[in-house]
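As written, the chains take the letters A, B and C, and residue 1 is the first residue of each chain.
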Amino acid sequence: MTRYILIKILRSLFTLWIVVTAVFFVLRASGDPLYSIFSLGTPEATLDVFRVKWGIDKSMWQQYLIYVGDIFRGDFGTSFFDGREAWDIVMERLPKTLLLGGTTFSVSVVAGVMLGAIAALKRGTFWDRGIMTAAVASFSMPSYFLALLLILLFSLQLRWLPTAGASTWQHLILPATTLGLTLAGSIARFTRSAMLEVLRQPYMRTARAKGAPYWRQIAWHALPNAAIPTITVIGFQLGWLIGGSVVIETVFAWPGAGRLFIVAVGVRDFAVVQLFILMVASTVILANLLVDILYGVLDPRISVTGSKS
Amino acid sequence: MSKAAPISNGAPELAVEQYLLEVRGLSVVFDTPDGSYQVVDNVDLKVRAGRTLGLVGESGSGKSVTCLAALGLLAESGRVTSGEVWFNGQDLLKIDGAKLSKLRGCEIAMVFQDPMVSLNPVRTIGWQISESLCLHQNLSGGAERRRAIELLDLVGIPEPQIRFNEYPHQFSGGMSQRAMIAMAIACQPKLLIADEPTTALDVTIQAQILELLSDLKKELNMALILITHDLGVIAEVADDVAVMYAGRVVEEAPVVELFDAPLHHYTLGLLNSLPRVDRRVEHLNAIEGTAPPPHEFVEGCRFAERCEQSHDACYGVRPKFLQLASTRRVACTQPVSYDE
Amino acid sequence: MATEPSDIESLRLAKVRAARGPIARRLTAWGLAGEWLVLIAMTYIGIILFLALFGFLLQPYPHTQTDLWNQLQPPVFMGGSWDNILGTDDLGRDVLSRLLFGLRLSVLIGVIGTAIGAVLGSFLGIIAAHFRGWVEEILMMLVDVQVSLPFIIFALAVLAFVGNNLTILIIVVGIDGWERYARLARSMVLSANQQDYVLAVRSLGLGNFQIYRRHVLPNILGTLVVQATINLPGVILLESTLSFLGLGVQAPLTSLGQILGVGRDYLILAPWIAVLPGMVIFFLALSISIVGDWLRDRLDPTLK
């Protein structure tokens, strides 16, 4: 088991390194960033000063080596714009993103799993059809459009909730709802199919034959089995959630890291964009690693093969 | 219903003819997208305390469904349309779900066909046996564990302490079935229903499991319903036999009488198709044709199409039971005769 | 006459069949009888496809024609004039004309993008399954990399830094989802290569290319097409999101997402600018999802 996890960790680090390298070179494929920052006609002499200052006078490979070396020293570079450390700029915005993402994630996982389980248990009924139709609709809906509709209804028409900002808890409701609906929809769909698969297994009949009450059959026999495939899907949804929050933070002017990213991308702020992508990739990779480990914990069949290999 | 011998008044516990389980006129319908099919048609079964009833028939004859329906374990698409299931003075089809749950796994337990998939893969064997105890008996955690280990030992699982903490995938098929049996007998049920308990297992293991079942039956003084398509199994373990064909019981008899002198032509055909060791046969006499699927069930004798002795009276009307003794009856208008 | 009753009977039956009509029979044959939602979805997709192909014939004005005297006019059903059936935007441009033009581009990008992803991913998957070994390792590593970065973040960064024109946009949007096809194609080819018939034709000395073209591809094509149908709404939504954020389709061209992005600033004054394209995208994605699910259940229930 330890060996299995160790290999997984090494593989994850390798993946992360590829992402960092790929992003570094893709971002520099467009040529000298100074021409897009400074207005045309700035004397080359002035530009050279900045080139030396930002270390972009060297060859691409040298820059890359310096960049990777700096990462190991915990230095993620400085923003081309306000000259502050990229780390500080991103860290400043992170708590708000974690607040929005964390709320959305936990609420939609709970709601999605519950709705999916209900749909499976009431298969073929009005509840099942209603929940599943809503689920398909929820991930066909462009999230930014849903955001606009909610703003139109709750902020502009009813004037119940604020449109933008993050100062009070009311500000959290609309962005979290927008993000969460799509997430809950896809989780509900997966939970339902996992649950249906489990419910028709012979061991569920064994549980009934034992005389286990209905709630016990569901909670102790069906759910632990249905959780195994569902966990994987939920793990994968985390990446989707981060991508979605970039859009939603922009629509609701939520002062988080996602909005920072959009702004940084717009002004081609290398250090900030690179750090943001590095953090997102690490988060997703870490989540997938946790899912793998959790998988082994939840499914006794996996941990055995893991320790054997 | 019963032309049984009169029950002696003084000591009811000695009343041999008192049935432990009595199924009367049970009918089960399955609803599919293509229509509804009656897969069990007016079935009567009687099991006496401490005895083994062998329920024999081809797959699809409704033998498993009958037992599942009696315990309220039918899949969603199945429903009971008529009948009564009397156990211990109550009709299992009438009592509410909670009461039935209390009975299931406690007074009546069931063992299923494929042990590998009938055990929950994410729970340890010990957990699953302890659950049966926990649901029906008030034991402390430690006592529960000790009892579960005892049970594992009882069904012949070596090193029960270690096996207690293992998962189903670490068990072989035979061991899994032993664990299933341990789970079923955990609360010392009065009746154990074993649904093709050996079909999924290797031949050598089959004999061991059957032996285990008969031993346990004697030891715990349970009644046993053994569902099987294998007459060899019946000959080995059963006391009484009910033969099912296409959703109906066609013949009931004590085991020796059935093998000596089968009355229904279907039973005779089954026996003739068995390989025999006591005499030389050139080829096995399999019954011509196949059993009808549920959508081709007719009202008259359903075996008539395949029966060499069939005549006009076999068609159109359901053949009445011919009661030959209290434990012997056959649903045939012209049973096999042994006059010569 | 003995035959008379049966003749009448068969006549009656023929009438019943005729009354049910060829359409009803065809629907039953395709498994669509009673699937109202799927039928509605298909009809909607049909209309959208028609408008995408021939909408320019119906376009009342050029999509870029401004009319600054006629800004933010409401659509007919909100009290506007018939000159601009769906109203006008902030520069007085006809919303209907812009919708038709934007729809064309959105559908174009969605379909070409999906095709790129499907072909690229499947090709890589087949290559990996054929060569195994380190080729397969590299592909699986690339899949890991792709999965570790939410695609929209990658797309935004590339479009902002590498530059933006329609070709780059289509390619970027097309890359989305390649890893799904790659995994699918790889695992299917791996199992197909184990099949007896493939082993048999191989032992006959048929070349690899011929084997894949004639024997393997036809067998996995159905599943890949179903996967493409399931991916299509995602690709359309991705393009619309990028355009909404201003990094997708650039003026003077326009797409549904871009119209919505502009309309966002006039949500109070002129909600129709944002709501109309939003509805079109939503129902398009929904319809394709419904049809995709139906196709999957019908052709390939193993996909999930």
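Note that contacts are C-beta pairs under 8 Å (C-beta built on N, C-alpha and C of every residue); 3 or more make two chains touch, one makes a residue touch a chain.
Worth saying up front: this structure is predicted, and the values here are computed from it rather than measured.
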Smallest count of steps, each to a touching chain, taking chain B to chain C: 2
Pair exhibiting more inter-chain C-beta contacts, A-B or A-C: A-C
Where chain A and chain B are represented by their mean Cα positions, the distance between them in whole Å: 54
Cα-centroid distance, chain A relative to chain C, in whole angstrom: 24
Chain A-touching residues of chain C, taken from the complex the two chains share: 141, 144-145, 147-154, 156-158, 160-163, 233, 237, 240-241, 244-245, 247, 257, 260, 264, 267-268, 271, 274-275, 278, 281-282, 285-286, 288-290, 293, 304
Touching residues on chain B, where the partner in the complex is chain A: 71, 73, 97-98, 101-106, 109-110, 112, 114, 117-124, 131-132, 135-136, 167, 169-170, 180, 183
Touch list for chain A against partner chain B, complex: 201-203, 205-214, 216, 220-221, 224-225, 228, 298-301, 304
Residues of chain A defined as touching chain C within the complex: 11, 14-16, 18-19, 22-23, 26-30, 136-137, 139-145, 148-149, 151-152, 156, 193, 236, 239-240, 242-244, 246-247, 250-251, 261-262, 265-266, 268, 273, 276-277, 280-281, 284-285, 288
